[in-house]
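Shared between the two complexes below is chain A, which pairs with chain B and chain C, respectively.
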Partner chain A sequence: MNVADIAGDFRAFGAAARKDWRILRRYPGSFISFIFWPIALPLAFVFQAQAFAGGREDTAAAFAARTGTNEIAGFLFVGWSAYMWLSLILWGPGTSLRTEQIRGSLEAIFMTPASRLVILFGPAVSHLIWAAWIFVVVGLALWIGFGVTIGPFEALRASAVILVATPALYAIGALFAAVVLRFGDVHALVQGVRGLFTAVCGMSFPIIVLPDWGQTLALALPPTYLIADLGAVLLAGTELGRIIGDLAILTGMGVVLALLAVFAFKRTERHARRGGRLAQY
Partner chain B sequence: MLGHDVVRDARAIRRRLGAVLSGERSLYWKLTARENLEYFAALYHMPPNETATRISEILEAVHLAERADDYVEKFSTGMRQRLVLARALLPAPALLLLDEPTVGLDPQAARDLRERVLQVRDEGRTVVLTTHYMEEADQLCDRIAIVDHGRIVALDTPAGLKRSLKATEVVRLELDAPAATDAALVERVAAGGTVTHRDCENGSLHLTVHCDSARELVPLVIDVARTVSAEVRNIAVQPISLEDVFISLTGRALRE
Partner chain C sequence: MSELRLEARAAMAIARKELQIFGRYRLNAVNQVIQPLYQTLIPSILLGATFAIDGEAVGLAETAGTTDLVGYLFLGMLALNLASAGFWGVAFAIKRELDAGTLEPAWLTPTRRETFVIGMTIAGLILAVAATIILVLVGIWLFGASLAPRLAIAIPVLAISSIGVLGIGYLIGAVVLRMRDANFFVDAADFLFVLLSGAAFPIIVLPELVRWISYLLPTTHALDLMRVAALDTRPILPIPLEWVMLVLTSVALLLLGRRAWLATGHRLRVRGTLGQH
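Now for the complex of A and B:
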């Protein structure tokens, strides 16, 4: 691959993101759901937590001891906003591939000289806009509804955590895309994995409440570190240096998962191309 | 292909390849025609300073310049198919693959598209076209490969393929004949040509005969019919077509 190819792939990457963003904003109804859900989903858990705590100080103290923050609403809003972003990423590459396959454009795209990885991740870049939108809505909801303010330094540290976690999460998305090319559908698998993440990664509870095997499982999954570290930097004011171990683990997971994803995607893409499955759905 | 190894130099080949594969549904209907082409121009690594001009030229060539900024969802099927062709022509490909490009088009749109394909051929590009429409293949192709169960069973010019049948005309006969005389009737008709198809339907005998001259075969058929007390119900004469070649080579009717 020469410099011209790399430059061409960068432009193609931007064009893929721009194309998806253009299509997305021509369905304005989707904007409403992205205002409603980032508030409604965590809010329901906040009310549930308040009901269970019964307004007692000892239960609030127990929560603070286990999570490192006494901001129950903040903890739940951060956890669920991370979940919504995760869902976008997990669905992103696989779904965009599947959509192209159903539309009939996948073969035409694969006939161009653009890299497969550009096609895979370009559309997913537009999801970053939605992710930023979710985090802004959540920040505003926390500030207006619960008086929880997030300062610019906390936001910067959270951005760093997100940046470090991104390769691992997009790699998982790419693995789903490989499944799409091999088996044609990914919904059941994504639902299963999303359920697993919800159950053990600590979106609405600290993982310390899980049984030992659950904690072991949680520590093997990248979202656990993302959610815990986001909570730590945003709500407890933790410096990045204090979570450097977590960030190193996330980086390592990112490298391993990315290599695995590239290998799996190339294998399945070749299989699909030779078997004429690119246009089948 | 095009001087490149298809496995090792796949990118180099794809750079010089245009394709019409899945028809109109392969477009982005919520984008305009121009936006669709802009996306593919980037995928084809087209230099940004050439993109706008190239897109305008291509849209002009397929008569869509005036609708360039309309959403594709507002286009007719024929317009969408022209846009798919425009997308395939965007990289000025040396090789153009067309997979049943006129399926689903009304006769006017299909004719228009075929004219565009002929223009592309006249520009010196190689066009590989798959079709089930034999008339289309006859009209557009310099060489035709007939593929049966994934294997090429014949490869020649349209005229060469027709010559391979060693006949110039097809005569289709419908006769009412006593059942006992069928075999004798067919045997005597075969003296004037090759009986390629025979079946009985509603008491009528239907024969398809390939021959060199219908002018000689038809009087023979009428004589034979008279001698076995059969009645000639219908006679149709057509020149040999590619469809006859296809059926002769594959032993099957089209679209089975």
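Now for the complex of A and C:
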């Protein structure tokens, strides 16, 4: 691969991202949904937390002891916004491939000389705009609705956590994309994995309340570290140095999952090419 | 009378057709039952555990009058499943007919337009009751919910609520026909309906203005009556008044929904847009 190839891939990457962004803009209804859900979903859990606290000091103290923060709304909003961002990143590449498959354009795309990374992650880049949007909406909702302010240093530390977690999460996204190429529809699998993440990764609770086997399972999943560390840096003002162990684990997971994703995607692509499955759905 | 019997037969045939289609996608069927478990119940139970003192939901006792967090939440699934019958049961069915281009031919049959929604809602209600029974059994066996045998009250409560659910079905049917791509609207409205019904928490924690909207939903009263009977929770209104409100809100929703449905049907036939999707 020479410099011209790399430059070409960058251009293709930008073009793929622009194309998907244009399609997204054509459906203004989705803009409303990206304002509604980042507020409505966590807010429902905030009301629930108020009911479970019952206005008592001992229950609030129990929450603070288990989560490490007094900010109930902050804890829930950060957890669920991370969940929504995760959803976009995890299902983004697979959904893009599936959409191209249904439109009948997947085979044509695979015939171009563009790198597979472009095909997988180019369209998903547009989702990052929505991800940033979700965090902005959540930050504003926390500030206006609950008086929780997130300073520039906390935001920077949170960006660093997100940056470290991104390879692992994109690798899981690529694994899903491989499954899409192999089996076509993966709705049930997506729901199952999403359910697993919701049930054990600590979007609305600290994983300390899980049974031992649940905690072990949670600690084997990258989203657990992302959510816990985002909460720590944004709400408890934790320095990056104190979560360096978590960040190292996330990096390690990223390397292993990325290698696994490359292997799985290459094998699936070969299988799809030989079996003529790229044009089928 | 014979016309009524024919309409009832048509409604049952439509319900059977919807159940047959549902049964053909088994993974989706399983997912419909277990989705509330992992998406709502488990995160809620674990959030409750975060506030627990010595394993007891003492905070919930202050706001709802019971420490049985699991029983409280599992019964809440009744509202979720009932609403889902009215919202998604009808929305999906109409959208499918629109996309397949079969809505216009179906409306050319002598069957009344209201009967289509009745059939779709019956199918949704059957699935809602089945899903709720399975979830409550899971709650009792796996999570140790202690629901009293006084749950027989569910029969009249469900019978009356069904009238309101049919009203929701009419309203959502009208919205889908007008908007065509109404997924976000249906999803958001379903979410708010379930939330305001008190499925996941006692409505006492809602701001007062919002609480008044809750009182206007039949599912709020249906759920509260069931929880009072099964868990001895504090009722949100005096019990006789709750029965009156359940009947009134259900009937009001039915009348409002039917009116919207018929008006929309008329508008589409005049404009000739029934076949569009």
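Convention: the second predicted complex is superposed on the first by the 281 of 281 C-alpha atoms of A that agree within 3 Å, B and C clash if a C-alpha of one lies under 4 Å from a C-alpha of the other, contacts with A are read in each partner's own complex, and residues count from 1 in each chain.
The rule is simple: a residue touches a chain if its C-beta (ideal position, glycine included) is under 8 Å from a C-beta of that chain, and two chains touch if they have at least 3 such contacts.
A quick note: this is a predicted structure, and the numbers were derived from the prediction, not measured.
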item	value
Partner chain in contact with A:Gln50 - chain B first, chain C second, else both or neither	second
Touched partner set for A:Ile109, first chain B, second chain C, both or neither	first
Contacts of A:Ala15 with chain B and chain C, given as first, second, both or neither	first
First, second, both or neither for A:Thr59, with chain B first and chain C second	second
Winner by number of chain A residues touched, once chain B and chain C are compared	C
Contacts of A:Trp143 with chain B and chain C, given as first, second, both or neither	neither
Residues of chain C touching chain A in the complex	27-28, 31, 34-35, 38-39, 42-44, 46-53, 57-64, 69, 181, 184, 188, 191-192, 195, 200-202, 204-206
Contact set on chain A toward chain B in their complex	1, 4-5, 8-9, 11-12, 14-16, 18-19, 22-23, 26-27, 103-105, 107-109, 111-114, 119, 279
Contact footprint of chain A on chain B as seen in their complex	11-12, 14-15, 17, 19, 21-23, 25-28, 30-31, 35, 38-45, 48, 87, 97
Contacting residues of chain A [partner chain C, same complex]	29-30, 32-33, 36, 40, 44-45, 47-56, 58-60, 62-63, 66-67, 187-188, 191, 195-196, 198-199, 203-206, 209-210
